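The two complexes that follow have subunit A in common; it is paired with subunit B in the first and with subunit C in the second.
And then the complex of A and B:
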């Protein structure tokens, strides 16, 4: 991902929804699936994709499915780890190439992934993020093995430059025979449909969610003066350059205005320059990198949340801030206009002038007491996006996908050739055939029947809920690492 | 999901919002799908003759390379006396120097704040150093095979043409690299000439034609487009003539190249514009249009 910050400074968040008990769900799943989430991005890396995968997996587990996660090794975090509720994570020993994305040859991950898919009895492979090459690899292998595939796209991409032309072509290839695609906003759906030349009927929109119990308002943490909070990675795409214009302009106009800026990144230096030049050390606080659990404590100190992103598929940050009861001022880009209703968000054009006008209007409303109270905002927002809802909707996608047939090799080759252009299509058709031969070879070396079945930690026969003798469990873990 | 029949679709209008639970399946495709899609909003309409005019920069550079090689060939064959080339070169440089200031009425000089004395000094320093080092240049590549020298010169001149700043805003453009490659080629070729005086004059000529001439061209193109077209035509014909005196086939091929670049390529560019499908929409990364540097400096 172009601007992903690598971050191993973040610890695992507290288990979500620990208070929610499965029986309270409105609908109960009719059948249980074995789902494998694949992405290069997972904890200890931090970001929207990572928490999406984690929270969605936890909710699916609560609903009785078996979920495992496959990602690549992060430094010494390798092998198999169990997270809350027996969520099993495979950290595969694959070489990281760029921005936490693994290098791909399209074939080298087949032995490992096949082993995992077989021993975990996976029925649906769910890949995340178009920037993750491991996710695309897994889709490719899963299709070769005849498994059902789902892909979630978390980001927007342009069409103008050479790099996006190439990535879009690869996405076309990767998604042309994927059963179903999930996007996080309608804008993201339009973008993905155009990029990968898809039939819009196989693309569902399921937004991200925020755990409202993690983001509760606390107005007594606010100080007397007006505080504007910004929490984002300090990179160009988040519009930090705009922020550098807004800070001096507003601080000169309003004497009782403060800024709190959380996050780290290459653009921090220009924020520091601005603070230096206009002597705003006591009014602009730069907090540096924030742990996910500290975000709420920062957010509740502010009255207004400012988002200056230049592109955004969904923007969790504004939902989190709104859930903490802040008034939102944001740029009108990507999927942001879809996320919050008009009375909770002030949308501006991505320019210093427009954003300053939006902020001034909000400050005026704040001073006159025209804004809803934080408690009210929280109560409205908490009903919008919940992980349970996301899980239910994703579950429906799985059911739909499982009712469809996976394309046979013949049909798959036809689809590749007819859908991806003659040159690319034939090339990838050849690769698909080679992959298939490789799979046959692997099956000959180690037949599926010789591969151990892994212990179900979660799912219908989940071992997590049973009491396993300690030693027995460890034996099993050792066996796991040997067989790999 | 999509297999659920939705009964009240007609009464409820779909909204492009995520926070509402709408009675539509998640993969519902509304009539408004992709309504914000825009195509070719930044596409430029080209005029044929304007494109032909702009292509003259490429023509000029091709001709420069051609003239340079022809002159080198004449020197190598002993058909052109070095003194004569030096005299012509110096004279045309002086004329060019005067023209350079005359064309824009001295505006550029005022802006840069460079004095004539500074110009004279750099010219003197350059000429003295090149003259002093010309024996070294002459013997520099003695141990290298002549074929290698020719191949290297060809690659360097091609590189010069590729990286030259024709006015396009692309990453590949680098006028420094382009000039360096041309000078390298000239040093390579000069080292094959009979005497060190030849080498000195050849390198001086290379500087004139690859460094100074494009600067004058640029100014002429901006200030007096008509005379620029005339000069380009004249230059192209002289390059063609020079090449014709060496090889008729080469000259014809060169002429075909020039014609195709100046006439056929613009035609194709305009034809291909019809097939342009540049997609824009709300997913595009926003551009910061304001100048934000004032907040920093």
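And then the complex of A and C:
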């Protein structure tokens, strides 16, 4: 369930504050894990997956787990680095092939990854993004070494063209023996289950979170007249045709109404036509493509956020807008009704008439001052999709995974052959056997006992202990805001 | 005071760490690898000569055999003189500095000396080396213009590559000396 409000915070165990003093380990309800996040995409590269991995790791560290990140080297950034709170990042010297994704031979990364998994005593390998070949390699090697595996899928795929048929086949092979899969929304879950022919029971949904400190309201940026903001890709799915019907109607009715539209896409041309036809150049601003960091500065200029999507799995944009203190008007489609409580969102049918009525009602409330202030909206919304919540739910997935058995080589081969079609299945079963033989060879060359156990920076035996009093304080604050 | 302990290097080879405490603030650490064994020398020589003899039977040219003899002799000399390091020594004197000596199997010695006022700290660091992730001990040098910044990192025991337990031993002793040195400079 895409969680609604703080309802399910209450059931979850409180953050393990006892991790601060080692004396109380026995009383602590949760056990601690050594988690290794693997993805080709990490900072200094920028994007959604990167920030997801970083924020999730930081929250898991604060909850007392040991987290390390493995990625490939970015230009001169190679070797081992430490980030905030002792988050250790391995930038491995692997060749980048295409679009920041490494080349894969399925074998060449085994020696290094095995060395890291052994020296860091990793128990759970958590791979991110289906575009990352390092993530798939790590899953393959982790399964060979008998470690527990979790995979997070961040993207949606098609089924029709040749490239997606091939990637879907690879995904089937990669995920058929993975312990657990996490998707960021229900549409994504459906998509992944279909693409990779998975058992839906091993797929969990954990929505992304918004960093509320990035999306803060700033009412003095607003102008005197009422401004409606739309931020979306300008494509058919986002209901831009509806928007084209709404703009002239409302602009004729209200003389002090402005529109700001951010985003780029094939439907931009019809918006420009509307602007031309009704001579609304001074009242409808088209901003074009926006960087993620600029979105907040656009959002705070408006009073009302309009979302006209025709289909939507989990709308992050309306959460971001609400966090900036805007009143939301949206279509009632897909998972949108679950995202925000009723007093923060006006839901309409996906038609011009219904959306105009919704907007007029909101404008009326705005003029009469009946709406909550931006600060109030921000304070309510910021408790909904927090990284702490995401971390708690991911932690539960880890616990579930650790209670399961890892498939032995026999079972793994059976699974590959029965699950992935006879040709692909046999091919990858052979590769799995070769990988296992390679692992035995490596264990013979350098036995595990010769690998130095790394000094922990984070986790229960973390060397960076002086950070814990600070995190304890923050946990307390979060608890206060949750109970509010 | 002098003692010797046995550790291993990152590939599992035997290493001996000798510690000599001349006074409480002048210490010497000496890491020595086993000498070149007769067995490995014979096996390498035999392989080169067998290959050469194989080639000789193919093309029946006796220069190959003489070349093989030259290659083994020169290779052995070069290996002993430039590659094989038998012993690496770290001498730390609190008021003077740090001296690193590496002695080659041929008897050649290579010495580097770092003045104490250039030394910022001695730390254990991690690095990706070949297909391994290893710990190594290194000396951080101060930037002469900005004393807060590090201008250079000098690795210690570069050829022996001892494991973490050995490095911690050396690290702790060095830190004692450095701490004493810092205390005396701030007092004066």
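In this text, the second predicted complex is superposed on the first by the 286 of 484 C-alpha atoms of A that agree within 3 Å, B and C clash if a C-alpha of one lies under 4 Å from a C-alpha of the other, contacts with A are read in each partner's own complex, and residues count from 1 in each chain.
We adopt the following convention: a contact is a pair of C-beta atoms (placed from the backbone, for glycine too) under 8 Å apart; a residue touches a chain by one contact, two chains touch by 3 or more.
This is a predicted model, so every value here is computed, not measured.
In the superposed pair of complexes, A:446 makes contact with subunit C only, with no contact to subunit B. Within the superposed three-chain model, A:251 lies out of touch with both subunit B and subunit C [touch as defined at top]. By the document's definition of touching, of the two partners only subunit B reaches A:159; subunit C does not. Contact with subunit B, but none with subunit C, is seen for A:397 once the two complexes are overlaid on the shared chain.
Between subunit B and subunit C, the partner in contact with more residues of subunit A is B.
Legend: residue contacts after superposition of the two complexes on their common chain; A:119 is shown touching subunit C, with no touch to subunit B.
Put simply, subunit A touches subunit C in their complex at residues 78-80, 90, 92-93, 111-112, 115-116, 119, 446-447, 450, 452-454. Listed in rising order, the residues of subunit A touching subunit B in the complex are 156-160, 180, 185-188, 190-191, 193-194, 200-207, 237, 239, 241-242, 244-245, 248, 270, 273-274, 277, 310-311, 313-314, 331, 333-335, 337-341, 350-353, 384-385, 393, 396-397, 399-400.
Across the complex, subunit B meets subunit A through its residues 1-3, 16-19, 25-27, 29, 33-34, 36-37, 278-290, 292, 295-296.
Here subunit C touches subunit A in the complex through residues 8, 10-12, 126-128, 131-135, 163-164, going by the rule given at the top.
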